[in-house]
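Two complexes are shown next, each including subunit A; its partner changes from subunit B in the first to subunit C in the second.
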Partner chain A sequence: MIDSWAALVGVVLVAVTTLAIGTWGLRFSRTTSDFMVASRTVRPGLNASAIGGEYLSAASFLGVAALVLTFGADMLWYPVGWTAGYLVLLVLVAAPLRRSGAYTLPDFAEARLQSRGARAVCSVLVVAIGWLYLLPQFQGAGLVLRQAVGAPPWVGTLVVSLVVLANVTSGGMRSITFVQAFQYWFKLTALLVPAAVLVAVWVGDGAVNPADADGPGSAGIWSIPLGEGGAQGLYVTYSLIVATFLGTMGLPHVVVRFYTNPDGRAARRTTLAVLGLLGLFYLLPPVYGALGRVYAADLADGGATDTLVLELPRLMLPGVGGDVLTGLLTAGAFAAFLSTASGLTIAVAGVLGQDVTGRRYGDRRLSGVTAFRVGAVLAVVVPGVLALASMDVGVARVVGLAFAVAASTFCPLLVLGIWWRDLTAAGAVAGLLVGGLGSGFAVAWTLLTTATEGWAPVLLGQPAAWSVPAAFATMVVVSLATRGRSRVDARRFMVRLHTPESLPLDRG
Partner chain B sequence: MSAWPGFLRRTPLGTEADRATFHTLHTASLASPALRQGLTGASAAQAVPHLRALLGSPAVALTDTAGLLAWDGDGSHHAGHVPALIGPAVEHGSTRTADASDLPCEDPTCPVRHAIATPLVVEDRIVGVLMAFAPQPSAGLVLATHEVAQWVSGQLELAELDAQRTRAMEAEVRALRAQISPHFIYNSLGAIASFVRTDPDRARELLLEFADFTRYSFRSHGEFTTLAEELRSIERYLILEQARFGDRLRVTLQVAPEVLPVTVPFLCIQPLAENAVRHGLGALDGVGRLSIVARDLDHECLIEVEDNGVGEDPERVRRALAGDGSLDSVGLGNVDARLRNAFGDDYGLVVETAPGAGTKVIVRVPKFAPGVHA
Partner chain C sequence: MNHPPERVRVTGPPRHHGTARRPGTGDIDAGTRIGAILMGSLVGEQRRLALATLSLLAVSVGSLPLVFHLFPHLAEVRLLGVPVPWLLLGVLVYPWLLGLGWWHVRRAEENERAFAELVAEAMPDEEVDGT
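Right, the complex of A and B next:
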C-alpha cells in the first residue's frame, strides 16, 4: 500500500527508539558535584506517569473505541473500571503494600504468610495472568500492522514478540522510570491530537449526534446503558465492574512499580496521580467510538472493529492529513503494545527465572542472567503461539478476562492479607485455588467455544461476579477452620503494614 | 554418582547390623537440629523424644544445672525428684546412678525404679544433665547413656560455636561503626579549618556534612538500612575527602533511582567506598578515580565500587574474604559474611582485581528477602 508510509515510519521509529533506549539508556552518568541521592528518588508524578505508560495497553488504545462503536454506552464501564481500580488500590492496598517491602505479589504472600506453598501458587498465577494479558497485546499488534502496511496478521505478532524479547533480554526498559513515563505522554498525545482534529472535522460537517447516526442497533439501544440484554446485561455489567475495580491491584506489572516509591505516603500520592492521568486518557477512546458511529458504521458490520481508531482519520480526512494522523495513531498503538508487553514479559520472566528456569536440574543450574533470559523467551513464546493459533476474540474482552482472574485471586489475598489478621496460609492457598481454577475454567471455556445462547456464556464470559465472592468466602472459611495455626508474628507484620514510616517504632 | 543407585538395588538395606546403625544415625540426626539451638526448654522438649528412642529406655529427661527442662516417657510424676538426683552428677562431673530409694513411688507398675544421670559438658563446663530411667539397673544402659551424653555435649558445643560466630559478627559491626579512623576525623577537621577564613560558607557546609556523617555511622539501632541512606552517607564521606584532596580524587556516581528503596545491611557499602578511596589515592599517577554504580536488574540490585588503584593479588583477597585479617581492606570479610547471612550464599561479595589493574567490588542485593527490612 502506498498510502501507508506514515504508519510504517511511525512503527519503525517507535521500535527503533525503544530498542535504542533499552540498549544505551543506562549510560547516563553523573558526578558528585551535581549528584544528590535525596533529590533523585522517583517523584510521585513521574512514577505515576510511568505506571500509566505501562498500564495503558492495546485494550485501552484500540479496544475501548471498538467496543463503544459496536455495543454502545454500556462499554464505557471498561474505561471507568480500569480507572476506578486505582481508587480501590489507593484506599485499601497502596501504602500497606509498599510498607510490606514486597517487590512482587509472590513476595507479599511469602512475607505475610511465611509459606513457600502460598508463594508457589502466587507465582503460577502471576505467570497465568501475564500470559493471558500478553495474548491480546500480540493479537492487537497483528491487527495494527495488517491495517498499517497490509502485512498478514502473524507478521505483527512476530515483530512485536521479537522487539519485546530483544528489549527485555538486552537489559530491559523497566529500569528506566523516565522512559515509561514518556510512553504515557506519547500515547496521550498520539490519541489527543488526532481526536482534536477529527472533532473539528465533525463540527465542520454539522456535528451529527452519534446517537442519531445510522449505526449498528437503534439509537436508544446504542446510547442507553442496558438498552438490551435485560437480566443478563445487568449481570454482565456488575461482573465487569467487580473484575475491573478489583483486578487492577493484582496485575503483576503494575504492582512492582510501587516498590519504587520511597514510602507508603509516596505510594498513595502516586496512586492519586495515576487516577488523574488515567481519567484524562480515558476521555479520548469513547470520542473515537462515537465518531466511528457517525463515519465508520460499516466497520461494525464487518466485525473488524478493533481497527476503528486507525481507520477513522482516513475515512474522515482523505489525503495526506489523514495519513499523518493514522501514522501518529499507529505509532501510539505500537508503543502501547511494546510498553505493556515489555512490562508483563519482565514480570513473568522474573518469576520463571527465579522459580523455574533458575532451579537446579541434576548437576546443572543456569546463572541468574541466563535463567532470566530463558524465562523471557518462555514468557513471550507461549502467548505468541496462542495469539497465532487462537481466533480473534476482541482485544478488550481478553484483557477483561485477565482482570477477572486477577480480581478472583490476588484481590482477596491482598485485601484480606492486609486488613484481616486471621488469614492463614492454608486459607489463602485454598482461596487462590478456588478463585484461580474457577475463573481459569471460565477463561478457557470462553476462548475455546463460540456459544452465545443462554446463561452459560454470560456466566463464564464474565466470571468475576461469582468467582471473586467464592474466593473471598473460601479464604475466610478455611482461615477460620485453621485458626489455631495462625502465626504469632502475623500481628507484628500488621503493625509494619499500617504504621507510617515516620513513627519511631521497633519494627524488627 | 551414577553407580550409587545400582549399588543400592543390589543390597537394598545391608545386613541386620547395618540397618541398626542406619536407624541409630537417623534417630540421632532427628535430635540434632534442636540441640544445635543450644540447651533451652524448647529445644530440650524437641530433642528428648529422639534421645529416648536412641536409648530405648522407658523415660528420659534433660535438665540444666538447676532443674528439669523436658521429660519424655512414663513416670513423669517423678519429675519432682529430678533436682535432688542431678545434684551429685553436677557436683562430681561424672555419671551417677540412683535406685528405688531415691525414687519413692506409690505405683507398683511404674517403670521408673532406677536412674542414670550423666553430665553434659561444653568447653569443660557442666551445662546440664541427661537422665535415663529404667525398671532394672543395667550396665548396658549406663554405657549407652554415657555415650549419648557425649554426643549431646558435642552438639551443644557446636551450638555454642554458632552463637559465638553471631556474636563475633555483631561485635565487628559495632567495631565498623566505631572504626572511623582518628585520622579521618583529624584530617577532616583540618580541611574544614582551612576553609574557615577563606570560604566560611563552605566550612559551615562541610561541618554539617561531618556532623551528619558521624551521626549515621555511630547509629546504634537497626541491622539494616536503605540503599538511599547508605549512599547518602557515602556521599558525605566523599565530600569530606574531596575537600581534603581536591583534584586528586575524582568521583563518579551513577545511581538508578529505582533501587534507592532497596534494603541493605547497615554499613555494607561504605567500607567498600573507603577502601576504594584509599587504594585510588595510592594510584600510580596520583589521581584517584572512584566510581560507584547502582543498577536495577528487575528483582535484584547491582552495586559496583571501582577504583584505579594498584590492585591486589586475588589469592590474598580470597583469604581476606575467608576471614584473614592481614589484608589492608577494612571489613571486606565482614561485609561478605553479613551479606551472605542476610540473603543467602548466592549473594556474597565478588571482587575483581589483579596487581596493577585496580579493584572492582560487586555487591548484589535482592529487592525482597524474607525477614529483611530496614
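Right, the complex of A and C next:
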C-alpha cells in the first residue's frame, strides 16, 4: 500500500481547484450561447490548451507508459496516432466544420443533408461513442483512487461523476474552457517534473539502457514497432493507424470544441497549436515505460501495469521524495479523468439536450439551459452506473474501440460531407449504418469473447482497416444511386464551408 | 493601384443594374456559371492541398510499419544509445507533424486570400457572364 497522504492531498487539491476555477468561470457564463459554445469567442491559445486538456485522458497519462512497458515500441503508435489524428482533422475538417455553424455532429448532418433521419442516426452514434469513452474514464478513476489512497473503487467513480456534474451543470462550456486549459498545463507539469527527477536518478544510478534491460519480450521485439510481426502484426499496426488517424475527427468531445472558435481561420490555428501541445506531452509517457523496463519489470509480469506511472517514483526513489512525486502523478491522473469526462459529458449533454430532453413532451418543454442540465445528468449517470456494475472491461481496449467506431462512422460523414457535393442523405445514413454496425459488432465481440487464435480476433479486435473503407464505399455507392435529388442546398452549403468569413456571401 | 483609370468607350447603358449589388460575390450567390467556376477553383485548390499534405503524411509516417517489417534490423541501429525506431516514433515524429501542419495552414490561408482577391477582381468583369 502506498503511503497515501501525498496522493490524497493531490486528489483533493485537483478536485477543489477544478470546482473553484469552474465557479470563477461562472461569472462569465450568462446566456445559453455561453453555456453551449462559450459564445464562440475563445482565443486560439486558450482554446488549444483546453482541447489538449480535454483530449489527454487517462489512456494517455497512465495507459501509454503501461503499454510500452509490456509490449514495447509498437505501442508508441498510440500517441503518434492520437497526435496525427489532429493533423488529419486540421487538413480535412477544422475550418469547414467551424464555418458550417453547427454545434454538434447531428447539427452538421442535418444542415448538410437536410434530413431528420440522418440527424437521428448521428445523435444515437454520438451518445453511443460518448458513453463507450466515458465508461473507462469512470472505471479508471476508481482504480487510481484504490491504488493511491486505498479507497474502494466506487469512491473514485462517484467523486469524478459528482465533480464533473457540478462543473458542467453550473457553468457549461464557458467555465469548462478555463478548467480544461488549466488541466492541460497541470497534467504536463505533473508528468514532466517527476520524469526529469527520475531520469536524473537513472543517470545517477548508472543503470542499464532500457533497450538492453531484461524485460518482457526479447530486446529485439521490444524495440520494433510492429507487434509480434508477420502479416498479423502488420495488419494490427495499420488498422490502429487508420483508427487513430481518422477517428480523432469523429470523437464527439473533440468536435464540439471547434464551435467555440471565432471563425474558420482561428479553428485552423487552434488545431495547429493543439498539434504542438500534444507532441510536447507525448514525449513523456514513453520515458516512464522505458524506465519501468529497468526498475519495474516485475510489474509487467504481474499484469498490474496500469499503475506503473504511479508506482515508479516509489520504486526508484524511496522516502518522502518518491511519495511527493507519486502524489503529483496521482493528482495529474485524476485531472485527466476529470477533464476528459467533462468534455465528453458536455458533448453528450449537448446532443441529449437538443434531441431528447429539449423536445416537447405533451405540452411541456424544458428551456435550453434546463434541457442541457438534464441531459448532463443522463450523460453521466448511465456510464457511471455501468462502470459500477461491471468492474472489468479493460480500460485501454475500450478507448481504442471508441476510436475505431468514430473512424468508421463520423469520419466518412465529415470528409464526404465537406469535400464531395454529391453526398446524399440516403448515402450518408447507409454508410453510417454499415460503419456503425460493423465496428459495433467488432466491439461487442471483442468485449465479450476471449479467443486469441487465428485471424478472427485480429480482424475484430482492430476493425478499422476494413470497417472504414466499407463505410466510405457504402456512402459513395448509395449516394451515386440516389443522386436525383436537388443539389441547390448543397451548393449553398459548400459556399458556407469553404469561403473565408470576410467575404460578404450568401451562406444560406 | 494608383495609375489613372483606363479610358473606356461608352456604347450604351449598362445592361443590368440592381440585380447584382455585389458582383463577383453575387455570381456565387446566384449560382451562375462564373460563380460555379470561382467556387470550383477554391474547393479544388483546397482539396489538392489537403491531398498533398495527407500524401506526405502517408509516405513519411504511414510507410514506417512496412519499413520496420522489411528491415527488422533497424531495431539494432542506435543513435546516442537510443534504438532508431524509438527515436523516430517517440521523438522525431512530433516536430514533423507540427511542421506539416504549419505548412498546411500557411498554404490554406494563401489559397483563401487568393480566392478573396479573385472574387474582388471578378467584379468589373460581371458582363462576361452574358446572362
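The rule is short, and it goes like this: the second predicted complex is superposed on the first by the 459 of 508 C-alpha atoms of A that agree within 3 Å, B and C clash if a C-alpha of one lies under 4 Å from a C-alpha of the other, contacts with A are read in each partner's own complex, and residues count from 1 in each chain.
Methods note: a contact is a pair of C-beta atoms (placed from the backbone, for glycine too) under 8 Å apart; a residue touches a chain by one contact, two chains touch by 3 or more.
Keep in mind the model is a prediction, meaning the values are calculated, not measured.
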Specify the partner with more touching residues on subunit A, choosing between subunit B and subunit C. C
Touch test for A:Arg496: subunit B only (first), subunit C only (second), both, or neither? first
Which holds for A:Leu272: it touches subunit B only (first), subunit C only (second), both, or neither? second
After lining up the shared chain so the two structures overlap, which partner does A:Gly454 touch, if you call subunit B first and subunit C second: first, second, both or neither? neither
Looking at A:Gly319 after the superposition, I want to know if it touches subunit B, subunit C, both of them or none. Which is it: first, second, both, neither? neither
Considering only touches as defined above, state whether A:Glu110 meets subunit B (first), subunit C (second), both or neither. first
Have a look at where A:Asn209 lands relative to subunit B and subunit C in the superposition and call it first, second, both or neither. second
Sites on subunit A touched by subunit B in the complex: 26, 28-32, 35-38, 40-42, 101-104, 107, 110-111, 114, 172, 174-177, 259-262, 346, 349-350, 354, 368, 372, 496, 507-508
Contact footprint of subunit C on subunit A as seen in their complex: 73, 76-77, 80, 83-84, 86-88, 90-92, 95, 209, 211, 220, 223-226, 229, 233-234, 237-238, 241, 245, 265, 268-269, 271-272, 275-276, 278-280, 282-283, 286, 290, 419, 488, 491, 494-495, 498-500, 502-506
Can you check the complex and tell me which residues of subunit C touch subunit A? 22, 25, 28-29, 31, 36, 39, 42-43, 46-47, 50, 53-54, 57, 61-62, 64-66, 68-69, 72, 74-76, 78, 81-83, 85-86, 89-91, 93-95, 97-98, 100-102, 104-105, 108-109, 112, 115-116, 119
Sort out for me which residues of subunit B touch subunit A in the complex. 222-223, 228, 231-232, 235, 238-239, 242, 250-258, 260-261, 263, 295-300, 367-368, 370, 372-374
